[in-house]
Amino acid sequence: MKKLLITGFEPFGGDDKNPALEAVKRLEGLELEGAVVVTCSVPVVLQRSIDTVIHEIEKHKPDYVVTVGQAGGRCAITPERVAINIDDYRIPDNDGHQPIDQKVEETGPDAYLSTLPIKAMVKAMQDKGIPAQVSNTAGTFVCNHLFYGIQHYLRETNIKHGFVHIPLMNEQCTDGSKPTMSLDSIIEGLSIAAQAIVDNDKDISFGAGTIC
Amino acid sequence: MKKLLITGFEPFGGDDKNPALEAVKRLEGLELEGAVVVTCSVPVVLQRSIDTVIHEIEKHKPDYVVTVGQAGGRCAITPERVAINIDDYRIPDNDGHQPIDQKVEETGPDAYLSTLPIKAMVKAMQDKGIPAQVSNTAGTFVCNHLFYGIQHYLRETNIKHGFVHIPLMNEQCTDGSKPTMSLDSIIEGLSIAAQAIVDNDKDISFGAGTIC
Amino acid sequence: MKKLLITGFEPFGGDDKNPALEAVKRLEGLELEGAVVVTCSVPVVLQRSIDTVIHEIEKHKPDYVVTVGQAGGRCAITPERVAINIDDYRIPDNDGHQPIDQKVEETGPDAYLSTLPIKAMVKAMQDKGIPAQVSNTAGTFVCNHLFYGIQHYLRETNIKHGFVHIPLMNEQCTDGSKPTMSLDSIIEGLSIAAQAIVDNDKDISFGAGTIC
Amino acid sequence: MKKLLITGFEPFGGDDKNPALEAVKRLEGLELEGAVVVTCSVPVVLQRSIDTVIHEIEKHKPDYVVTVGQAGGRCAITPERVAINIDDYRIPDNDGHQPIDQKVEETGPDAYLSTLPIKAMVKAMQDKGIPAQVSNTAGTFVCNHLFYGIQHYLRETNIKHGFVHIPLMNEQCTDGSKPTMSLDSIIEGLSIAAQAIVDNDKDISFGAGTIC
């Protein structure tokens, strides 16, 4: 039985909920075909976000790690393709840090690609009616920071890791000014994506690029 | 016991489903506090859309009528404020009609306002975590045509009527290019709005306007 | 020689410029084929906006009136199709009035359609490479208020009138968060639209509707 | 006198113009403070795009290279932060190549950061009223391919290079469905950005990140 660690960020930026954390709570202990899900919550804080996930990786020794965060304004569940070695925070993190144009890891390369089968994840969700798409930018805030930091930590291991952005939940934006997704749909999508990770040692190939 | 007629359009424009019709199927027979819901499906055809709903009104003699249609691209359930006396079809209807700048009713006024408590409907949905907003344009296609036609037909009666646009369902747009809403959330929202109609003989007042 | 009055709103909502006013300043005295342009500025204030334009109409006795306002978020110059008998202000006007769900004219009809050749205006601008489109909602703020009020005032005259929304100028939104248009393009578009008004006693017909 | 090479892509995807090429034609020979501009056009073709620009670099021996391409849907001139080692073409290039999930350079790193002073460029444009913003994704089409390929080629030189995406020109989208910018504004923006490159050996620092 393999093990898949799914992590969810705590609320930030004035919100009192984060759909990532809400989803993770309900995914704890989920039994997939061939794997079991363990979860943890992650503080929206520069270095502590990375330390927290590393601690959980050392504790659970998972085969796969999926870090999950909220992407206000997106319509779909979006596995990220690339983490970049940049911190450029538009708002402070939950401890008041607001780095501008600093590196995540001083000696790291400019970027790391996801080692999850992002296209298989997207296709599995779409096939079950859950809006999903590959994203080519994880931003420059704590989400990208964590994505980069964990890829850097895992770079010489066999543990696969990637970041998935999810939309706001319905109740986070009720005035129609931004797209949202019901928590039920988010959880269904993440469960499908988790199964696709276990099922696809090697990613599938189909066009999911953007022109710009 | 009052009676509320909710109508849903059939698929159009190449889609094989219409969330309005899917929702209406599951709302049939719903028992609200003080009212019961009856429903019907409506063809996406110029004059026949109006004739169909008039037929159902004569058959059921409802106290309230809510006509419902799909609004691809919207994030929220949007009760419409106004129907205008214009047909300007960007695509043909399901019978191939494509009127340009014709009137819905040759001798009718330029517009009719909704007689439903649109703000109470919006607030009730928002309070329960369902994205909702007043819309100030129902477009110039069959949705607006039906809205106008039924308001014209009911203009000297006590039967209240308005049109509600709903987002695409998740499975109608799975690539993240347009916002969607789960069918469960759409049905929950319409049920809440229906109850708000029964509960609010007179609309409530709060700002829900747009600058442009 | 015919006379065309173009009016432009003053800044509002915290902005220190309004592209409508900037454009109008540069259109003053413009000689079209068969007509001359006169202009005035209009306060963003409930009743005074209407009074100001009526005063200018009585003074200039124009054949055509084009009231112009700013539409933050739009990509194109948009002649409006319909004014509705509703004030529902999301923000206060420049004198602090903020009516909610009040009528513009207590005894007026629910709406007035534009009496300008909106499609000819749109086509003329598009043909010269200026983004333009018919809009089916002028919102529920002072722009719609003025549009409705002037249509009501002119309803039994031969003076044609309509409202045109224009995008933000480049310098009003330099961070890329909203579409903008250069003032030169705005002025070119309005000049082309003005000529189209003079050239088209009767509007042309082509599809420019919206589904919702 | 320093030399700045600005390159512009040819039309693609069915368009008969590309604002990058139109802009570049008018920037040829531009004299900046302390530098002169040379230009060339670039085919929208996988390997030939890189070969063409390398040829021009060898010919002109510039101090700075700015590759420019069209970004349909963006509102602002956007210097790109990062090029990724991925080709994932949603449409074929102008020679019919459509690679999916291939590397730009088989042995290259996952990404290269721009070596231009992107924040100084953005600030200079914004200060002069031209909408501008840092972008964190150049997509996965020929624009990103060229950006990556040239960074790889220049990686051990002192020649600075980055990619800049520009909006559609007004005349490319006249129906208001996508934001556009006048060619005059695009050229003004690129000129300002070019001067900022010459003026800023080291980039300035201010927050221009995104949350996601």
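Think of it as A, B, C and D in the order they're written, each chain with its own count starting at 1.
Note that in this section a residue touches a chain if its C-beta (ideal position, glycine included) is under 8 Å from a C-beta of that chain, and two chains touch if they have at least 3 such contacts.
If you're wondering where the values come from, they're calculated on a predicted model, not measured in any experiment.
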{"item": "Partner chains that chain A and chain B have in common", "value": "none"}
{"item": "Same-site or different-site touching of chain B by its copy chain C, using the half cut", "value": "same"}
{"item": "Farthest-lying chain, centroid of Cα atoms versus that of chain A", "value": "C"}
{"item": "Superposing rotation of chain A relative to chain D, computed on C-alpha atoms, to nearest 5°", "value": "180"}
{"item": "Between chain B and chain C, centroid-to-centroid distance (C-alpha), Å", "value": "30"}
{"item": "Chain B-chain D separation of Cα centroids, rounded to whole Å", "value": "46"}
{"item": "Residue list for chain A, restricted to those that touch at least two other chains", "value": "74"}
{"item": "Every chain pair meeting the contact rule", "value": "A-B, A-D, B-C, C-D"}
{"item": "In the complex with chain C, residue positions of chain D that touch it", "value": "74-76, 78, 125-126, 129-133, 170-171, 173-182, 184-185"}
{"item": "For the chain D and chain A complex, residues of the former touching the latter", "value": "13, 69-74, 81-82, 84-91, 98, 100-101, 109-113, 119, 134, 136-141, 143, 165, 203, 205-212"}
